[in-house]
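Across the two complexes that follow, chain A remains constant while its partner is chain B and subsequently chain C.
Then we have the complex of A and B:
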């Protein structure tokens, strides 16, 4: 009987220990789910149950079509109001998994006589799926280490801000369900690999199919799993289990992924998917060689192998190279390529670089999104190295790849977060298990007198408190790890193993380390809650500002303007705006738009950019040619809303310049000293551009003769702007949204500029037209 | 592995012939049966591929569906083969031959569901 640091009950039967442990696991997982859901509801409680951001508005609109008309109609939906006059084949240009999921939930709830509005399903889908993500992460980590590490990982991912930022209530985006599918597919893959089971390979393929239908990030899975398999082969760890798992996954998964219309034939024709195909071929060769090797002597095998391997390897590789150069296999898409060549997008595809999420990540955002996990994470990866089973390699590869991608692009922080949670959970649970284990090492001759204090109970309860808990939970969750400690102890007391020579002496070290870890975990919870409530839970549709007395003031200009459009314009009035607002206009105002957030047609966007950045005379024909009735601009100069169109203006110029380099030049919009100004020093092109005029039209009048100040640019705003081709139709309360109506052609056939001048009673310049008209009359 | 050394004079004979002999001697009948099926699938795949290259790939989805069904069926059968192979018994501790066959059946059903869906 080895010596113990603190007394533990020894009269428990293993069955009791096992049952209590599983009860506590279930309770803990339920509480984690509760915490995951609850911490995502800040935006609903503080504001209201609305869809946030831009992209979710399209998803919501599509889901409404699905709920109203059924799956078949949704599948074949052609949307004539988007990308006017081109229209958009929605069924073939969308990942339908998200809409299908909420559609299924909607129909199930209808069948159960729970008539929930489709909007509420859309709003609450992401919190619901975050609970599933926690469970999937638990299963995944369980495969890596054990249940207690799994619980820790589930608790981490339940509340970590890096994932919450994309899954708060109301953020109805593809990522909402994609992270769950990612983790679950990975879990199934690991399970299939471990058992060599075609069943799990098939289920992994089915979930991979679901993932393909849900998110464009499925490419990550298509490359992660082959890389894992390839590394296993290269390390000489080929096994028939690997063959079974990989081939059943690839054969079914690839065919399944081609069923999604948006993906189409890509899995057999683009470079992103070729790695998977290559590893598939390589596995066939390796398996065949293994088969041959089992049948012939090593001498003959050597001779066979040399010829066979060289021949197939050369043949396969040259086939790939040939097909790629021949154009049969499409090269990497720009979006994907810009991950490798980080300067590529900025140079050649400004539309990709213009999205703020596509910028490199700064250090503070790692700390903000992951807090202490970011520095426990490498320790977890090292723990994986120390054991290095097949599945640990997966975590290592995943962390290396995801860390790189997260460093290149802010947006990909999302794929890094799960592996950070898993690796940190492995590290922390190893730490806790070491320091809670009551068994003293052999050398401890003088056993520390086990004093019966309260400290022991805290220490014993510690591992059961995975981070994601509110204060009430520890009590409920208490015994997950004590039981594991107990079961170890049962093993020890029954004499299965003797105490090892390595271990922890004394109670004080244990308490110090465990309490310290516990404190870090609690602090993690506070940090997560704080970041979630302050940074990630504001709907961008509604702006909130605080008065000096702490009272909240809601600025609701967007919806005010969109509803004005909805109610006061004809149903087929075409609205032109920058592409950021396309989905919101279509969703809230229900009017046709020229461009929207699905940036599939760069030229069309450049047309809008050109119209916005050229002078009125030049823009008017463009507007008329596209049947534009209303032009909408966002202007934050009055209340200091920095995300307005003047600040985005340079991107419009750049994108237009990419298509019409001789008509639009970026340098014309700067002052001679190269500054981007809006006051009197602004360049002539800038002052004449449509965007500038629309933004500052009548703005100076607000100040009643005083200096007009633009609150965003902190510059003096211009006075006396005149619009000849547009009429101001609507300006919202805080001047954020300004809507202009495009004038029809003059009935007398004059150009609108001179017609406008005539209306205002300005004296015409005595010049040719008068004489020529007189002459015309006389003739 | 290399259970038994090939018969005498290993270097003088053609290794392919030796391999064929060893295969015939050592493989159980069940595995040979699976191998016959694998061979048939391979032939079918080669014929489809040749048709695609030589004649036309016009209904490309139909070609892909047919070809993927042979490839998918091939790897599923090959998986079954390695799972039921008595030599690999220690590798597949959790998959009994019966379970392997059930997995094979399920995988094939799922595969062919997608194949028929993709044929269009």
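Then we have the complex of A and C:
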């Protein structure tokens, strides 16, 4: 009997321990799901059940179409109100997975006679799927280590802010379901690889298809799995399990993914997907070589192998280059390319560079989103290196790649988060297992013969633990079965002695480490709650500010303005705004827009940018040619809302400059000293631009003679701005949204400027006759 | 009648004057290896409102006592582009001139154009004759050094104003190729010698963990934004939540690494200690390291995020 640090009941039968443990697991998973859902409801409690931000508004609108008209109509939906006058083929330019999911849930609930509003399904979809993500992460981590690590990982992913940031209630975006699909596909891949099972490979392909239908980030899976397979081959770990798993996943997954219209033939024609195809080909070659090896003598084989490898390598590479030059294989798309060459986007695709979630990540964001996990997860990766089974390589590769991507783009923090949770859970559960294990090692000198006490009969029951079950399958035999804390405990309580050259002495050391860890975990929970409730739960459609006495004041300007548009303008009135607000206008105001968040047409966006940054006279023809009836701008100067159009203005200028470099130049919008100012020092072009005028029109009147101050930029606001071609139509309560009506051409055929001057009773200034000077010269 | 004559004469005179000055400019350009060195007189000549040619003019201050570092950095790029231009056919070449104007040669021009900084590049389109732009805009346009001081983007930009594109080709960077080749050979021979070390898993573990730490320390942010290593005021912590300096990468990566290392020690190394007393000491040591360094990290985070409500020991 080994010495124990604390007493352990010895009279429990293994069956009892096992049953209790699995009961605990189920209860814990249920609680984790509850916590995951509950912590995402802050936004509903603090505000209301409303769709958030920008993209979700489009998804919501599309889902409503799907729910009202059915899937077939949705598939063929042409939306004439977006990208006026071009329109948009929605069915072919959208990842339909999200809408289809909500649609199916909606129909099921209807069939059960539960009349739930489609909006509530959309709002609550993300929290619901986060519970599934927790479960998928549990399954994934279980494959890596054991159940207890799985539970920790599930708890982490359930509440970690890095994932909550994209899945609070109301954040109805593709990521809401995509992270679940990502983790579950990875789990199935690992399962397929471990067991060499074509069934699991096929299920992985099915979920891969679901992922492709749901999120553009599926490319991450498309490259992650081949890289894993490639590393396994390079390490000499090729096996028939790998062959079966990869081929079944790739063949079925690729064929399935091509059924999504938006993806189409990309999987066989673009560079992003070529890695997967290449590894598929490589696997065939390697498998063939393995086959030959088993039939040919080793000396001949070496020679054959060399010739064969060189020939196929040359052939494959030249085929790839040839096809790329011929245009059969498209080079990398800009978005993908900008991940490697980070200067690329700013130079060639300013639209991508202008999006705030495409900015690089500074370290505080990492800590904010992952807190203690960010420094525990390298330890987890080290633990993976210690064992280095096939599936551990996956975690290692994933960690390194995702760390890089998350550093390049804030948005990709989302793909880093799951692996951080998994690796941290591996590290922490190893730590806790080591220090909770009651068995004390033998001190260096004494050698104790392990005694067999009450064990013989119960020890025989031990093979029913997972270790024994796995050993039955020869396929899984290569992967050493994980020894769980439970099986160790069972082994201890039944008196079976494990090798105890390593272990912890004493009780105090155990208590210190366990308490320390518990304290860190508690701190993590507090941190997550704080971050979730303050930073990630605001809908950004509704804003809140706190008064000096702590009372909350709701700022609802956006909806106020959009409903004004809906109520007071004709149904076909075209609204021009910067593209950020396109989806919201379409969703809430139900009016045609020129550009929206689906930034597929750079020229069209640049046109809007040009109209915003030109003077009134130059902008007016653009507005009229595009049938614009209303122009909408966001202005935060009154209450200090910093995400307004004046702060985004330089991007409009840059994007317009990209298309019309002769007419719009960024440098003209700065003061001679290179500053971006809005007060009297602002450059002439800036002061004459439509955006500037619309933002500050009559702003100074609010201050009744006092100096008008722009609270975002802390500068003096300009006075006496006159608009000749637009009329102020609506300004919301806090001046965040300002809507202007575009005047029609003057009935008498004058230009609007002089017509305006006439109406104000000003005399038309007669410019000096030009002829006089010439006459003087000639005389 | 007299008026007509005189105006005709005036016109002819103008044409001659134009050709005269064109010839003069061509000579000046040839003398200066493709780039005319201007003073205030020749500047007026080059940018005369009747010019039938276009011009790219660099305004700079190269003399030592001006101490203009960017001017010196940029000057070679402009000269090479000018030189590249001098290799095109004479009929095209003489329609566009490259010129440089030093502040000390003509401060009055700087004043006239109200230039307060250097270097500046203006492109003057032709103001008369067949090459006058269709839009009628003859005002000079400024080159914004958006892509840095390299010659390539400059040539690309200025090609918009020349009759034919500037035949600028980036010189082959022999030094770069050479170092790459050396590096490849070096790595190759190193691998041969050090293969037993390189192909152990712990080398790879070390490498991947370092990459992860550097990346999560915000290295890519500093690369992409090109932030300095420390702030101008000597402060190494940048103000603001989504901003950081280069040194923070090192500090944060080190802190993360130390914490991760403590966990690895506690889990993997300490249990192998066979002496109870030594083991106890190590457990307490690494436990203390975790608590203290974590507190440091949280206080560092509080500097970046002022509203953060929690703090540990510090």
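Here, the second predicted complex is superposed on the first by the 711 of 779 C-alpha atoms of A that agree within 3 Å, B and C clash if a C-alpha of one lies under 4 Å from a C-alpha of the other, contacts with A are read in each partner's own complex, and residues count from 1 in each chain.
Definition applied: a contact is a pair of C-beta atoms (placed from the backbone, for glycine too) under 8 Å apart; a residue touches a chain by one contact, two chains touch by 3 or more.
Keep in mind the model is a prediction, meaning the values are calculated, not measured.
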So, on chain A, is it clash or fit between chain B and chain C?
fit
For A:299 in the superposed arrangement: first (chain B), second (chain C), both or neither?
first
I'd like to know which partner A:381 touches here: chain B for first, chain C for second, both or neither.
second
By the touch definition at the top of the document, which applies to A:400: first (chain B), second (chain C), both, or neither?
second
Which partner does A:360 contact after superposing on A: first (chain B), second (chain C), both, neither?
second
Does chain C touch more residues of chain A than chain B does, or is it the other way round?
C
Overlaying both structures gives a minimum C-alpha distance between chain B and chain C, in Å, of 24
Touching chain A in the complex: which residues of chain C?
3, 114, 116, 135, 137, 141-142, 144, 147, 160, 201-202, 204-205, 208-209, 211-213, 215-221, 223-225, 241-244, 248-249, 252, 255-257, 259-261, 263-264, 266-268, 270-272, 274-276, 279-280, 283-284, 287, 290-291, 294, 297, 301, 304-305, 307, 309-310, 312
Given the complex with chain C, which residues does chain A contribute to the contact?
342-343, 347, 359-368, 372, 374-379, 381-383, 385-386, 388, 396, 399-400, 403-404, 406-408, 427, 430-431, 434-435, 441, 443-444, 501-506, 508-509, 512-513, 516, 520, 523, 526-527, 530, 534, 661-662, 665-667, 672-673, 778
Using the touch definition up top, name the residues of chain A that touch chain B in the complex.
195-199, 201-202, 205-206, 239-241, 243-244, 247-248, 250-252, 254-256, 258-259, 265, 268, 284, 287, 292-301, 303-304
Touching residues (chain side chain B, partner chain A) in the complex
1-3, 5-6, 10-11, 15-16, 18-19, 22-23, 26, 60-61, 64-65, 68, 71-72, 75-76, 78-80, 82-83, 85, 87-88, 91-92, 94-95, 99-100, 102-104, 106-107, 110-111, 114-115, 117-118
